[in-house]
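Both complexes below contain chain A, partnered by chain B and then by chain C.
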Partner chain A sequence: MGKGFIGRSVPRLEDRPLLEGRGRFAADISFPDQLHMRVVRSSHAHGKIMSIDADAARAMPGVHAIWTAQNVTEIPPIDFRLTPVKGLEPYRQRVLATERVRYVGEPVAVIFAESAYLAEDAAEQVVVEVEELPVVLRATQKPAEFAPSLTTEPVVIRKGYGDVDAAFKTAHGVVELELSIGRHSGVPMETRGAIARYDAARDMLEMYGAAKVPHWNRDQIARLLGRAPASVNLFEGHVGGGFGIRGELYPEDVLVCAAALRFKRPVKWIEDRREHLLAANHSRQQTHRIRAAIDRAGRILAIDDDFFHDQGAYVRTHGATVPDLAAAMLPGPYRVPAYRAAGHIRLTNKTPGGTYRAPGRFESTFVRERLLDAIAAKVKIDTVEVRRRNLIASAEMPYTLGLDTLGTKIVYDSGDYARLLDKALAGISWEKTQAQLKKRRAAGERVGLGLAMFVEKSGLGPSDLVRIAVEPSGEIEVVTGSASVGQGMETVLAQICADTLGVDYARVRIIHGQTDRIEQGGGAYASRVTVMTGEATRRAAAALREMALNVAAGLMQTTPAALDIANGEITRKDRTGASMQIGDVALAMSKNSERLIAEGFYEYSHMVYPYGLHIAQLRVDAETGGVAIERYLVAYDIGRAVNPMLIEGQIVGGVAQGLGGALYEEFLYDDNGEPLCVNFADYLMPTANEIPRVEIILTEDAPSPLNPLGLKGAGEAGANAVGAAIAAAIDDALQMPGAVTQLPVSPQRLKAIMQKKV
Partner chain B sequence: MTEKSNITLNINGRNHAIGVEPRRTLADAIREDCGQTGTHIGCEHGVCGACTVIVDGEPVRSCLMFAVQAAGKKIRTVEGLAKGDELHPMQRAFMEHHGLQCGFCTPGFLMLAVGVLEREPDISNEDLLDVLASNLCRCTGYQNIIKAVRAAAAEMRGAR
Partner chain C sequence: MKPAPFIHHVPKTIEEALAILAEVAPQDGRVLAGGQSLVPIMAFRMARPAHLVDINEVKGLDKLAVEGGKLVIGARVRHAAFHKNVVDGPLGKLLTYVVRHIAHYPIRMRGTFCGSLAHADPASEWCLVAATLGGEIIAKSKRGERVIAAANFFEGIMSTSLAEDELLAEARLPLLPADAKFGFYEFNRRAGDFAMAAALVTYRVAGGKIADARVGVGGAEDRPRRIPEAEAALNGKAAGDEAFRAAAEAAAKAVDPLEDVQTSGEYRRDLVRAVVRRALEHSA
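Then we have the complex of A and B:
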């Protein structure tokens, strides 16, 4: 085998061009004679479109064309990529608003002009007359009319098992909570962008600026525009952050493609930040009414959760993914004998929602862990003990939960939750720290410690294909339909390829996100790349190694079993005789018109389930209502760490985003549905001042039995439990169990909580 | 607004003769008119700092400056940091400390940190943190950026 790249924190292959300013992000792509698209967006939250007057704009110099819905009637609404629950279809979004506008920011018209500045000038001259309709702004309010014979509650997601009602009847006690998570989102530093061009010579439509799921988007664009998928190609360049929201198919992507076809000129669209905060997917907003039936010792007998998911104005590509995951992942690491969840998908007159890093889990972990803390308070045991009494034991693995999500049955593949809890408590010196904080509280400080546990999911299938070729020069090219959103997937796949094949990882080139290079690709979401694409890479590399050894054995007049490949060199295991470079094998094969190339295909219908916990220590400022994080610890079992440095990077970055959602970030609206947070002065993302050093305990106690390397995903562990841990720590700081019921815990909300105490 | 003035922007020692409207931002001029796309635009209202460049020795938000205001001044962008194939200590430190993930905010952080450390090589850790808190990153959680800048600061001080 190779030098052992798996498990080492080798530097990233991605870094150099990014550090030199030679990245190719969407806005960096331009083509001669391109038109610039600017979107005219609704300034009303809900209303009938009475007229759109674009005459003045159309007459401006440099304006090529202006489209409204009338110009794109043949383009169907954008379909669901995931979780296409029946009943959601009438709620899909069309690329331009037709008859009604349903949120501030909805595309109403598009301008095509010779420069971005001219397009923006023209957009300001378009007058959209709207007759206002009543707005729905809360998912908890009674469903209203969405359209004739359609209400704003298209679907209720129902999941469960066991006899919940019987459990509540015989329970020793019942704990009941109402908890809310605020509306916020991924907000990558690069805004969205798309550049389309039509190559008439090859009858090929091309789109640059693709991300996350280029193959699915290629197929959809082809369908929406009535073309064969083979006549559309998408190209992913550098992607400035994903986090769930970026790379989904949005109206603007379809519009640039339609325009490039119609005008036979390249069309470029780059979103500005205000548009991004108005128009790219929001996420997270839910209210849960949850009850637990418990026995005398605080053991859970049943959980019953009724929750309201604020979907915003339309159901976009994610379908019912977020509420589905919230309902399915809520039980977490605990034994819940009977369970019932009802997730009400509710449309509101706000920006449509989609996924955001740890979708459904940031929310349900907050809710579940608040519930555990409330149970502890009810039976008067501490918050660690209540968890110990309810955790699923390692002997119960694999653990069939009795629920399904995203088309898979949930079976926790491996895990030792109690062991990780012990390690984390030791890592933070839990009892000692608690004693110190108690002393500080006695001296008047408001300091507290809180913990939250979770089960993650990763490695969503159904399949991935990888093709690896060795060139006569010795260069190794791995082609995958997966995508890079900046997470470091090139390095990780190169490490897996290098170890399996027996080469240096730095010689491995990863090609991703190019639909003309490989016929299928799952893409980058759901912490799936290391698991799915990683295993496909391992399979391809193993097949390639076998082929190389077979050919080399013929050339070296020995048997494959007598040979080894290390650092790209094929030698006899007994170190006698000549050796050859792996590229020489490819060269020898090329003389017979053969290539040293192999494919790996990995198909799997179950996800893998990493797990972890967060511990927060913080101080509340009674004057300002501010929160300062003093210590933050994440313990996480990854199964098998391919590159610990990158995993820790994922975790710390996730914690920062989680802290944003727990304390600072929220898309607020006034009573008319006017968004109040449309710039970075009002939408507060954490800076270097707010993010503490994060202590990380990364363990490999429970490798996945479902793939040979034992891989699990790393993308979402950092974000998952931040809201829950921060809430618990604030409760502790204020010595008010159950005080935090709503995220984010803004200074205003925290001051209101403190006033309640007096 | 469409009347253009002819100006020369000096970017990384090279002159670019361009014609710009008075309202054209320096960021757009650097990227679109001079073809230096390493400077990124993240918010266009001066908060995120992705577009930070060094103008006459001082880090500035190029989205908040008009191109005409930078005429005749010495502009440095991320493309000018490395000497040929040899990375600047700040670039190397970002690589060694995993100070970047998607890399979109990275040019802004590099120019901010280099600009400040060239002016104030002995800046305290606390003040340095305050400076770094003026740019936004969404991937890293900042800790590795801080580590990288501190490591590069030590190296830059040693090289004096």
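Then we have the complex of A and C:
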């Protein structure tokens, strides 16, 4: 190995164009002669489409065409990418509403016009007549009819092990809670966008503005449009945030591609913010009814959770991913001898849901940690002690949970949960801080401290392929089918490549998200890139190093074992004799029509399980219900930190989004299913003013035994436990255990909680 | 997010502006000042004026001066002008304190004082200032000029007594006496948001007792206004917790609170109580 890029906070390779304002986001891409697409969206939450009158719009100058469902009958509904549970198929979304509309914002028609302004003018002239149908707005209400012979509850996800009923029968006590998480979602700075063009000369369909999973989307677009995958290419540019929601295949992506093919002209669609808040995936909304059977000491004997997942109007690419993960990850870091979860997937007349950073875990961590706090209150021990009594011990690792999710068995690969708890408590001076807060409470302030623990998952397979080539110039090119959503993957892969091969990381160029450069790619989700693509990169770089040393040994008349590569230079280990540049090896090979190139393929069917905890200290304003966060600490075990700065960045960003879900962000609807939060005045994203400094304790106590570098992922640790920690801290501030049962904790809700007390 | 078509007029003189306004007002013409309220609602197509009379190049509308015991604020004066003290004494301090609660820095660089009054958002800080201090609005049109007292200017949510062909040419705020105290407090969920409730108070202390109390509340009703019941609870009392609490209670009782999904009437009343008391505390 070269000396040490891994483990250092080296600067991001991707920063220069972004800081200079030379990024190329979807809206920056244009082609000559392009048409602009505008979507006419349903203004009804549920109803039968009686007629669509587009004559006036069609007659407007500059309008090229208008499509309704009739024009795209041959395009099948968009399929599931993940967690395709049987029974969900009839609930998939077609690219344009057919017969019924099921949420406000559903695409009903599309306009193609010579400019974005004209397209928007024309969209207003389309008259959609709808006969209203009753709306379903709560996942907890009795299932209704979705379509003849289909109900709004397609599937119940069931997971469990052990004898739950027996445990409840013999338990010392039972704790029971009803808890709800509000509907919110990832709201990237860049809205969605897609630009498609058809190159008739090569019979090639191309789409720009791709993100997250370009290869899967390429295959799916090919399938939906009846083309060979090799005749479709997707290109990822800069992506202004992913968070799970961006880059999934949406109706609009398919429509621009279909139109480019049909019109033989480029077609551009850029979403506006209102559309984004109406039409891109929502997430998170669940209500849990959970019970725990406990013994005298507050040890968990069994957990039984019945929960209701508000899926919105259709099941999109994520299939059952979110409720599946919620059910599977709920036990977290605790020993739960018997477990049963039933997750009711319920369709409602709201924007369809998908994954959002820490999907299913933001929700289940809130629920589980509320439960632990309730157990502590019931047996009258403190919230740290109840956790210590229930934590899985490091000696029990690897720990087989007895559940599976996303087609993998859950086995916690490594971890020392109690040790991280100790470090975090020391980091915040838990006892001292508690004493100070107690004093302040005695003086009339409402201040509190709360903590929440979690196990994360990362590195979802099944596989990743990486190809690395060294050019005669000495440049190193790493090609991967993975994607960048801004997380810094170029830097991380370059660091891994650099150390393995023995070169400077700044000489490594990372190509990603281009389907014409590599035949497969897993993409960027599930905190998988550093683990999956990282290990594939290590393998490719190791193979390349071996090849380079073999060739160099021939040229330098020695054995490969006698040689080393450092900073791109091949020398004898004993430092005698001549040396050569790695590019010279490539040059020598090129004379025999050979290339210095190698592939690394990594296939793995298990995930890795990092873990962490959050501690929040906050002050409640008794008169207004406002909350001011005074301190926020995240402790996280990453296994192996390739670039600590990037991990800390991931954590801080995640905390910001978590605070959004805990205190600010919520998609509200009125009783008719009219969305009330479709702009940034009504949908409250936290800003720099609301985000406290985040203290981070990053540890490497439990490297993953499943890959040689010990890697685990970092993308979701910051978001995971914010709702839980804030709820616990508010309880503590009010000295009302169990006070918070619903997120987000808006000032009005908090005021109502306080008024209940007196 | 693309506005509907409109015609953009850029007059250079006030006469020209008034002439265009007279002509286009009946055809859905509107004044464009800082654009920080109008442009977003045009982007949503919730407003679709056929004509915009852009006053940003009109000469003489950038006046910011004291005349006859009043601070005169022309229609082109931006919020950011008040980041610095514009007049000696309590009024200047009050304005520099209040301005930081309006939106965010980039918005304050464009948005105008008079535009805020014309827009008449019930939670606007400048509307609250004008209503509480007894400001005047100078409305000009081809038909002539009139002076409207702030108390008669705000008519409801985003509704004023300005006629459609009238330009709000300037606003005037009376200077505060040198011994005046002021206090301001607003509550919102995020820094820079419109207030869910706001209070501005001014008074003097004479012989140990509060005199000339003004208590204005914004963001709680359909327009900002003074609350006489709260003022009565202050005048003649010693400045201190007891009087402040009584005034806050009186204000909470007196308002007819606006309701929305996030804010019930009862909660808004709680907020009024809190902001009035805190504004008074801030003044002390």
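Here is the rule we go by: the second predicted complex is superposed on the first by the 758 of 758 C-alpha atoms of A that agree within 3 Å, B and C clash if a C-alpha of one lies under 4 Å from a C-alpha of the other, contacts with A are read in each partner's own complex, and residues count from 1 in each chain.
In this section, a residue touches a chain if its C-beta (ideal position, glycine included) is under 8 Å from a C-beta of that chain, and two chains touch if they have at least 3 such contacts.
Note that this is a predicted model, so its numbers are computed, not measured.
Enquirer: Touch test for A:N679: chain B only (first), chain C only (second), both, or neither?
Expert: Both partners.
Enquirer: Taking the superposition on A as described, I'd like to know which of chain B and chain C A:T687 touches: first, second, both or neither.
Expert: Touch partners of A:T687: chain B and chain C.
Enquirer: Now for A:G240: first (chain B), second (chain C), both, or neither, which partner does it touch?
Expert: A:G240: touches chain B, not chain C.
Enquirer: Does the superposition put A:D272 against chain B (first), chain C (second), both, or neither?
Expert: Touch partners of A:D272: chain B and chain C.
Enquirer: Check the residue A:D121 against both partner chains and state whether it touches chain B (first), chain C (second), both, or neither.
Expert: In the superposed model, A:D121 contacts both chain B and chain C.
Enquirer: Applying the touch criterion given at the start, work out whether A:G23 contacts chain B, chain C, both or neither, answering first, second, both or neither.
Expert: After superposition on chain A, A:G23 lies in contact with chain B alone.
Enquirer: If you stack the two complexes on chain A, which partner ends up touching A:G450: first (chain B), second (chain C), both, or neither?
Expert: neither
Enquirer: Could you let me know whether more residues of chain A are touched by chain B or by chain C?
Expert: After superposing on chain A, more of chain A is contacted by B.
Enquirer: Indicate the residue numbers of chain A shared between its chain B interface and its chain C interface, in ascending order.
Expert: 117, 121, 272-273, 679, 681, 687, 689
Enquirer: What residues of chain B sit close enough to touch chain A in their complex?
Expert: Chain B reaches chain A through residues 1-2, 21, 23-24, 31-32, 36-45, 47-48, 50, 77-79, 81-82, 87, 91, 94-96, 98, 100-107, 110, 129-130, 132-146.
Enquirer: Touching chain C in the complex: which residues of chain A?
Expert: Of all residues in chain A, those touching chain C are 116-117, 120-121, 124, 272-274, 623-626, 664, 668, 670, 676, 679, 681, 684, 686-687, 689-690, 746-748, 751-752.
Enquirer: Residues of chain C touching chain A in their complex?
Expert: It comes out as residues 1-2, 4-5, 44-45, 187, 189-194, 196, 261-264, 267, 270-271, 273-274, 277.
Enquirer: Which positions of chain A touch chain B when the two form their complex?
Expert: It comes out as residues 11-12, 14-16, 18-23, 25, 27-28, 30, 61, 117, 121, 186-191, 238-243, 272-273, 485-488, 645-646, 648-649, 652-657, 679-681, 685, 687-689, 691, 693-694, 718.
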